[in-house]
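Beneath this line is the structure, given in structure tokens, with notes to follow.
A, B, C and D label the chains in the order they appear, each numbered from 1.
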Amino acid sequence: MIIVMKPNVSKEKIQDLKTKLNGRGIVVNLWEGEKYSVLGLLGDTSSINPSQIQADECVDKVLHVQEPYKKANRLFHPEDTIIKVGNEEIGSSKIAVMAGPCSVESEEQLIGIAERIKKSGAGFLRGGAFKPRTSPYSFQGMKEEGLNILKKAREITGLPIVTEIMSTKLVEKFVEDVDIIQVGARNMQNFDLLKELGRTKKTILLKRGLSATIEEFLMSAEYIMAGGNDNVILCERGIRTFETYTRNTLDLSAVPVIKKLSHLPIIIDPSHAGGMWWLVEPLAKAAVAVGADGLMIEVHNDPVNAKSDGAQSLKPEKFDSLMKSLRQVAKAVDKEI
Amino acid sequence: MIIVMKPNVSKEKIQDLKTKLNGRGIVVNLWEGEKYSVLGLLGDTSSINPSQIQADECVDKVLHVQEPYKKANRLFHPEDTIIKVGNEEIGSSKIAVMAGPCSVESEEQLIGIAERIKKSGAGFLRGGAFKPRTSPYSFQGMKEEGLNILKKAREITGLPIVTEIMSTKLVEKFVEDVDIIQVGARNMQNFDLLKELGRTKKTILLKRGLSATIEEFLMSAEYIMAGGNDNVILCERGIRTFETYTRNTLDLSAVPVIKKLSHLPIIIDPSHAGGMWWLVEPLAKAAVAVGADGLMIEVHNDPVNAKSDGAQSLKPEKFDSLMKSLRQVAKAVDKEI
Amino acid sequence: MIIVMKPNVSKEKIQDLKTKLNGRGIVVNLWEGEKYSVLGLLGDTSSINPSQIQADECVDKVLHVQEPYKKANRLFHPEDTIIKVGNEEIGSSKIAVMAGPCSVESEEQLIGIAERIKKSGAGFLRGGAFKPRTSPYSFQGMKEEGLNILKKAREITGLPIVTEIMSTKLVEKFVEDVDIIQVGARNMQNFDLLKELGRTKKTILLKRGLSATIEEFLMSAEYIMAGGNDNVILCERGIRTFETYTRNTLDLSAVPVIKKLSHLPIIIDPSHAGGMWWLVEPLAKAAVAVGADGLMIEVHNDPVNAKSDGAQSLKPEKFDSLMKSLRQVAKAVDKEI
Amino acid sequence: MIIVMKPNVSKEKIQDLKTKLNGRGIVVNLWEGEKYSVLGLLGDTSSINPSQIQADECVDKVLHVQEPYKKANRLFHPEDTIIKVGNEEIGSSKIAVMAGPCSVESEEQLIGIAERIKKSGAGFLRGGAFKPRTSPYSFQGMKEEGLNILKKAREITGLPIVTEIMSTKLVEKFVEDVDIIQVGARNMQNFDLLKELGRTKKTILLKRGLSATIEEFLMSAEYIMAGGNDNVILCERGIRTFETYTRNTLDLSAVPVIKKLSHLPIIIDPSHAGGMWWLVEPLAKAAVAVGADGLMIEVHNDPVNAKSDGAQSLKPEKFDSLMKSLRQVAKAVDKEI
């Protein structure tokens, strides 16, 4: 941590702060420039609250040298994390494809889609049973019944199931029923939920919040890991910017950046990012090319009658042809699908 | 709802969509332009899912005429809502001032601060018992013990207490213990929590999410109101933009905009918005001048030792002089503090 | 400047960089932490190009201690700059009010408005002769003819005139004709234009770019000042964010922040910020309360027939009543209008 | 254009507006809903100024049906535009690669780099002679001398040259000297410059502004085209968002969106987008996969001594290996490099 003092602060005041920090066992180096004096704090500064330092009227600013996340930090864990779910892996050279409808709507619908995507090569079935909707008057999901239908689809197809949790009250049920528990973008900083999921061993798919920085995203993963659960998959799904033509702005740079900062796998959701079905194919190809470990894609047999997100869902035949073209791109970057 | 068809779509396709919509009891007006055809849907379109319409390959775009919120909409409730909490009101010509430390840290600290802010004219005591922190390694609040200290401070000073809830599991306890339940910015779209709070009659202080549009903000209020709880106070606390000098960018335009769109009271939190104590006074004055119904201000007796948000906390003597200058501004806009 | 080396970089590499920097006359302090080594560069680092340092593969990041602007920096010029234009001042305790139509449309229109705003107490007449319009098919201004009308209005009313320049080719003409030359938001980083204006002594009103940070804004002022022209007035007019209800998001925090960082006067344009006439009054009041040195307000005698920006223009009678209420707010913060 | 009237506006007022619009030769359809009345304007509405409509106190909002750009609009020009420069094409199935240093620094440097990139397969040489820099104290480019060096490099290698213009005063010289004139992001809405370039027939490379929407970006292209110059190449180079880890956020969705809305070629600049050399390779691959028509990449023989943008420049050997891997990705999406 680097503390920049305000210009012209007296030597006594600087010494006071230095002494106070020394008293907490911190080694402090002092540099005195012409206008500014700077304190350099080396070693473990986790006992210090930066906001307290910033509250000192003699302090101009506090700069951070070290990243605040530890368990998610590649520095302390140089190898890529590969997460195993059933017979599938996420984080290896095989790109994980999670596909399915936005919402579970009926047994017939879900099983039909599950069989189609499996045939096309998807490794996981996604489908929402509990739906976070902007409007209280929109369809809120089939809830427990949806979970049962997901389980049936898994039984029939063998595909592991991914579905979103919205309530801490259902953590136990989700742990029992599903293979990957998704935390939605709007709950990325629902710390209460993250803590409860940290106490399980279940694989968590953590979506980036609409306005979360990469650092905050990794800090939310750290919440889960700090509780003892290392099975975290990150998912970039578009951030909110001034551009409104697309539903969100897909931040593909986040993939190489997160690969550099962290050892956790990162996948891309091109469906939510663009918000329109015809954007899914180009964005999915770009995601594979940029180095993502997986994709989450909305597929619906009948988009114009989908209960949610119809506009961004692919029909099964389009998904099938997408998988074919993704195989070419994957090969070009030494991966497979 | 206005549906713009893609250029050169056949008359049959347009007729098909019109028939389908008519089948749901919707009156559809058709305009045929040279390049574009447009369908105008009048009356109640709540039975239609815009995403399904958008999913139709013949549709270019869907434009909305009506606001999606009803109970929060001034159109259906033209008078200002005034919320009564104890002997205080929020939404009237008297500006509601909620002050206190970011976190409850001890009985002595909280009661000391409570007495000081009361003397300066604050009407409510704020203080966090459960703290949402970006890092799992930061102080997470005194929890239940913090609630007990808040209650003691209320007993001694008579000030109603405002504190943040993070877990649906504690709704019942909060309803019993506190006067105003705060929903933090990060939980603005924790719909599960909003629904549970909608089932109570307790006053809810809903903070705007870091990247929530005003429409989404009002939709979150609608979630609470849809459950039967009309006691919602809105709070603008800064949004996330590209500017990083300030912690967030305080969107003061939101006050007159929300006053136009909704009948709910709206207050401003200048402490979180700016993130630095010296910004609190100018921003608080501006908030009063722009027409806010109240202010939420962090006050701490010893900011350099505060467990959280020290940098943005005012000392009690500064808060006292702030209140004096706010009285002048309030008078200038025909209000009082 | 603080240089954070990558973890586990060899001592030799660190020494190499230190030696290289020493060779340029820079005193370098080295701190060696457990994981990270840090170089602290004191004194004048203006001979160093941070991008070159960042390009070194051993360097993790470069942090800045000092602000990059000098002439605009309050550190080196502690007193407020007060700019005199005719008999008026900008930056003193009297709030400067610049009012008038978006575009000059005719002699009759402009002189009519000028007389009205003068009577209401405005100190300056604004009006666009050359108009930057998003569309090439929109009205582009009356150009030279518009300048002549502005001069006639000045002759009649005595009000100094403010108008926007778009071309370096017209700098000489503007210097001769107008009192304050406005640089629009879209040209804030038109460095060629800034340099030419820096060579004059004319007062420049520099508007903040739609996505300019406060630091970049001050760097653009620095461009003008570096050329020898210290007469710069800054103008915040709303920044671009994800919120689309308002045309832009007015960043009122920028006023106290700029007052802290710089000695230059800063005014607010509430008309462009909100984009709607009914937002002008609350935002103008907030601007005065937050400490702005002036206001720029669009006034039009016939908004529904205005050639540009009708939706955000006040009618003269509304402007008159606005001025009356602003006087109250100004008084409350020890200023006058 | 769709005009939504305020709720409860009288029939007379609505009739007045309808009559006024009819008077301008516009066919107006009126729909009367329960709460809202809506006017639908069909046919050519270019004689109407939306801001005037919005200024009417009876009007709630104005919605747009048609895109405001014409010459850049794919609707009126369904085939892809392919631009020929020398023996190279931009917009065809061969991906155009423009490479070279950020700034021209010396003859030796530029010619050395030009020969290396040519050997690796680049089709164009980029290099800045006039440099837009945030600070007036940074290196501003070699100016005219830089242009001469660029011409020499073209003579030797045969590569067409691309360089940025900053001043309208130099349009004639640039037209004579260079092959593609670049308009930088900060000048995207320097309308004066766009108009002058519209009067030439030279190919223009127009970079997207840091906070320009896709619609505004196309409107700036329209400015050039409206003047009679159809040779416009668009370039996405990252937009400004809240994320600060990367210099900008590369908006790759803009590629398929612009392909849908316009017939103009669009290329990607991964160097400026990411701001760090190690991001160039993954982002360039993603750009090819998403369907971009070309790439603009910074290459420098000695990044740690580059006068600008060293941190984001590739060394020639890295550029060479990048070209090899891009060939694989191009092949996977049926293109070539």
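The rule is short, and it goes like this: a contact is a pair of C-beta atoms (placed from the backbone, for glycine too) under 8 Å apart; a residue touches a chain by one contact, two chains touch by 3 or more.
Keep in mind the model is a prediction, meaning the values are calculated, not measured.
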item: Reaching chain C from chain A through chains that touch each other, fewest steps; value: 1
item: From chain D, the most remote chain by mean C-alpha position; value: B
item: Length of the line joining the C-alpha centres of chain A and chain B, rounded to whole Å; value: 26
item: Averaged-CA centre spacing for the pair chain C and chain B, given as whole angstrom; value: 31
item: Computed distance of Cα centres, chain D from chain B, in Å; value: 38
item: Chain B: positions in contact with at least two other chains; value: 211, 240-242, 244
item: Footprint of chain C on chain B - complex, ascending; value: 211, 213-215, 239, 241-246, 249-257, 260, 273-274, 278-279, 282-283, 285-291, 325, 328-329, 331-333
item: Chain A to chain C touching residues, read off their complex; value: 2, 4, 7, 29, 31-36, 38, 40, 42-43, 63, 65-66, 75, 211, 240-242, 244
item: Residues on chain D engaged by chain C in the complex (per definition of touch); value: 46, 49, 51-56, 68, 132-139, 166-169, 186-187, 189-192, 195, 209-211, 216, 219, 222-223, 226-227, 240, 276-277, 303-311, 313
